[in-house]
Amino acid sequence: MKNKPTVGEILQAKGVSRRGFLKYCATTASLLALPPAMIPRIAKAIESARRPSVIWLSFQECTGCTESLTRSAAPTVEGLIFDAISLDYHHTLQAASGEQAEAARHAAMEENEGGYLVLVDGSIPMGNPGFSTIAGISNHDMLMETVAGAAAVVSIGTCAAFGGIPGADPNPTGAVSVQDLVKDKPIVNVPGCPPIPMVMTAVLTQFLTFGQLPEVDKFRRPLAFFGQTIHDRCYRRPFYEQGKFADSFDDEGAKAGWCLYKLGCKGPTTYNACATAKWNQGTSFPIESGHPCLGCSEPGFWDKGGFYEPLSTGKFGSGAKVAGAAAAGIAMGVIAAAAGRSRQAKFTKEG
Amino acid sequence: MTTVDGRHELDREAERLAYKPPEVRHDKQGDMDSEDRINKAMHNFVKNFNTQTASYLDGCLHCGMCADACHFHVRTDDPRYTPIWKIELFKRTYKRQVSPFAFFYRLLGLKRHVTIEDLEEWQHLLYDSCTVCGRCSLVCPMGIDVAGLISMARHGMFKAGLIPHELHEVAKRAAETGSPLGITPDKFEDRVEWMADEHEVEIPMDVEQADVLAVMSSIEIQKYPESIAATAKILNAAGESWTFRTDGFEATNFGMLSGNPDWQKDATMKLIDAAVKIGAKMIVLPECGHAYMALRWQGANMYGKPLPFKVLHISEYMADALDKGKIKVRKVDKSVTYHDPCQVSRRGGATQAARDVIGHLGVDFREMEYGGDYNWCCGGGGGVVTIKRADSLRHRVFKLKMDQVEKTEADQLLSSCANCRQSFDDSQQHFSWDYTMGSLMEMVAENLEEDNS
Amino acid sequence: MTSLDNIGIQVEAVHGNVRPILNEVLHALDKLIANNETTIIDLAGLPFAPGELDELEETLGQGELSAQLDALGSSRIQETTYPGVWWIEHRNAHDEVVGRYLEITRIPEILSSQDADVCAGRARLGEQFE
Amino acid sequence: MDLLEFARGPALEWAAYILVAGTIWRIVGIVLLKEKPDYSEPRKPAGFGAALKVIWTRAFTAEPFAKATLYPKMMAYVMHIGLFGVIFLFTPHIVFFEGWTGLDWPGLPNSIIFFLGVATVVSAVALLVRRLTNPVLKLISNFDDYFSWFVSTLPVVTGLLIPVRIGLRYEDLLAVHILSVVLLLIWLPFGKLGHTFLVFVTRGTTGMVFERRGAKT
């Protein structure tokens, strides 16, 4: 870490003015969901922060998370963050391949022993090591080897955080999440399918600027972004309170932009920042486009029933089971009545 | 433990049907041990559970509103007089023995076993402090007929030999002699002849074939013999083919009141047999409330099939006869209020009949506040009037009735139940009250227009 | 396209945010007057309904002063019709909005020439005399 | 499986089975007891109509008892109407029933539901206080009364807490709410809450028996 320039130095080298830096700090505060009053502290921290080394591992995944990140990482302000980190290994993005790439990973690990950050997207198959390998190394082995010297691990996306789609029932590969395997390192989960790019960069920025991981909830998700439900921050919430609901995707309620609860919206049980951070450079988020929230940032979201099944729908067994219960009831009733009658008969005889 | 009937003499001076106060109370009959009594009570509670009672006992919400309908609770504020509490032991036995979840109640011991102390305490609650008036049955938000349950609970108490001394003696005498006051057929004949002479009215007796069998209550025969004459006058005036029978004259049913279904059946069958024997098309019941319940609504069930004749309370008979013009009455220039006998009106469904009769009499009729179906009971029904130790409680309760009557400021108080009448007479004496209870039937008989006879 | 246009979408307006923000601005102005205290309201964290942000901007209106800053993309610093209330909008090089603030202050800090830039400028100017 | 999944899934499912089985058990156990025929000559024909009549009329207090029972009756009305409202007119609940029965009906705004819920709890507490202080109720009450009060009030309380949050997470509160409903459903057929279905039997029976006599029902 000794020779790495500070972020302030990097920005200066790029000819960024102090005004530009202030602007950068203001947007960083926004990004970290910190109050604007924190801007001076952020400025100070960023100026002196040094580039951390980052190793990005991709396992059973669809590259959607990387897509999400790189889409937003076009030269934007938060894109600068990535200029400020040293992405030493990312097998989708890196030019190197094969042994050369693995050598780069080992080099980064050795050089930054104890100080580098491991980002993981994708789940790890435990059913058979051969289900997913990189350079002949199983995902499990690579993960364990890489995190051994890491300062912290960030699980990017629902697959890495909770097992995600590979881990969904019936889970043919025996997929598990990073936190299922890594027990002795600080872990932050940034779930979502994909996660909001801003949230990913915010976690890195936080680590970069303050040298620490953000405060997390019980699922190790950064509280600043996962502290409230979609429902709580949804602009359609007033319609929920007024009892105005869309009953189908093409009814008047849907056209009027009413609440999508009855169409299966998982907003009330989903913790994420979509309603405020929004997607596609702040354009909108699913509900704003008229589609209910799928709840993608929640553990086991794939197995929580139909996407269009309302949250409060009970999960009843088949009619046959209910009929079985009814039949059992009849049987018990008959037995009870017979027992009662036989006692009556007995007592009548005894007088 | 055994009680000997003979030692207890009728108190003929009392204002009501009674024995002289027993020197030593025997509120337990027979010489069963406690265990036997408990078993008897339980077994005979259990016999009564059927779909109807089960739904009632399972349905109670413990809302306590029946307490607000019960005169005993209203006047004393004693929570034990809450009607549903009076059948607590009955209810508990149901839950333990026959209810759909009886198995669990027994397995987990959820309902305490009934003890002998419980039964002794409940004797007071089931007999002294309940007239089976059924007011509670009308307040119940679940529609539970609490009064009906009390009658059934008494079955267990009787078989366990846990009846108040006097009530048991009265019932026993009724079973043995055919009359709670020991009125034999001969004595009945005497009284009838006396009345026939006194009133110069023809009273058919033991006619072989008649359309109408008229019956009497011992209370009337003994205390209000004018009723005999009045009945005869009315039936004669209507031109009925009718008769009294020495083999079936007693309308009261102390088997029912005390809780002995066998005695109840015996008493009822006497009337039915007599009516069947003479080919009667109708039994006219006297001014007696519980007789109406016993024969009109329970008679056929004792008989085991529909009765081959109609059963009418005298008020129903009079209303019908007046409506059809079979008898006519003169207008009476009086203000009158009417006390509804619970078993005839509220529980019997003949509330309107008395009012029709009163309408024909053309009096200034003053309905009591909440009269008719919601009437306060006289306090002496259900056998309570016989129980001496219940006197003070009964008098206390009677205050409600006095208030109700006084508010009408009517000249004349009438009813159509000899048992109510004797309760009134007794309480009147106790309170030195102005109102004397009169008989609706007698008023009709006194005011018959002769041209029709 | 025509068939899509025929879908009669008429979004029912939600006005959950405008009034509370205006109220916050009111109190911020009080603080500015009393203690010369600056307040910055970050509009990014608020769940705006479609059109609500425009409504807020229209309500505040455009005041006398408007400035444009070119640093890491353009920024618009606009005084609203309520003096002391500034609408600040930062954009990136792709002209996408990356931050939106209401600043209740006499002059937004970012409009002042910064010491570091002044020094750097002084140095550049000084070079001409060398 | 998290708590909410458990509550919505197996817990609710089994509660439904127990509710169905227990209800039928109790009804069949009562109906199949011996039934004595009534041979007395009816004053007027009284069949199903009489039963329906009394099922309806006993919902109201006869005037002579109105004053004495005013307070508990009012509280009971508030509680029952409140329960009806919060159970059947709250949209998420309607969605629940729709998923179950396929029937859909309009709901009420949440503010009204919240008000109804609070009214329900207030009346329930008032009734409990009465049960604890009124000498009659103190005497006749048993475990069933208090437990039934508890399990029927709890879902309303847990339901009301969901929007209030009290620092807990929505899905945990929802899970607790559903579990409290599970408790209610399991207990309902066995205790005095069985009056939800027994009321039709008891009132109906009395209607038929007394209407037949022409007596006051």
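Points worth noting:
Here the chain labels run A, B, C and D in written order, and each chain numbers its own residues starting at 1.
By our rule, contacts are C-beta pairs under 8 Å (C-beta built on N, C-alpha and C of every residue); 3 or more make two chains touch, one makes a residue touch a chain.
Remember, predicted model here, so these are calculated numbers, not experimental data.
The interface with the largest number of contacting C-beta pairs joins chains B-D.
Greatest Cα centroid separation from chain A: this falls to B. Chain B and chain C have Cα centroids separated by 92 Å. Inter-chain spacing, taken between the CA centroids of chain A and chain D, is 42 Å. Per-chain CA centroids place chain B at a distance of 38 Å from chain D.
A straight line joining the Cα centres of chain C and chain D is 57 Å long. Residues of chain B in contact with at least two other chains: 49, 98-101. Residues of chain C in contact with at least two other chains: none. Residues of chain D in contact with two or more other chains: 25-26, 28-34. Of all possible chain pairs, the ones that touch are A-B, A-C, A-D, B-D. Within the complex formed with chain D, the chain B residues making contact are 49-52, 54-56, 58-65, 67-69, 73-74, 77, 79-80, 82, 84-85, 88, 98-101, 110, 137-145, 296-301, 303-307, 310-311, 345-351, 370, 372-374.
On the chain B side of its complex with chain A, the touching residues are 39-40, 42-44, 46-47, 49, 97-103, 159.
Interface residues of chain A, counted against chain B in their complex, comprise 332-333, 336-337, 339-340, 343-344, 347-348, 350-351. Those residues of chain D that touch chain B in the complex are listed here as 25-26, 28-41, 43, 54, 58-59, 61-65, 68-69, 72-73, 76, 134-145, 190, 192, 194-195, 198-199, 201-207, 209-210, 213-217.
Interface residues of chain D facing chain A in the complex, by the touch rule stated above, are 2, 4-5, 8-9, 12-13, 16-18, 20-34, 91-93, 95-96, 98-100, 104, 106-111, 170-171, 174.
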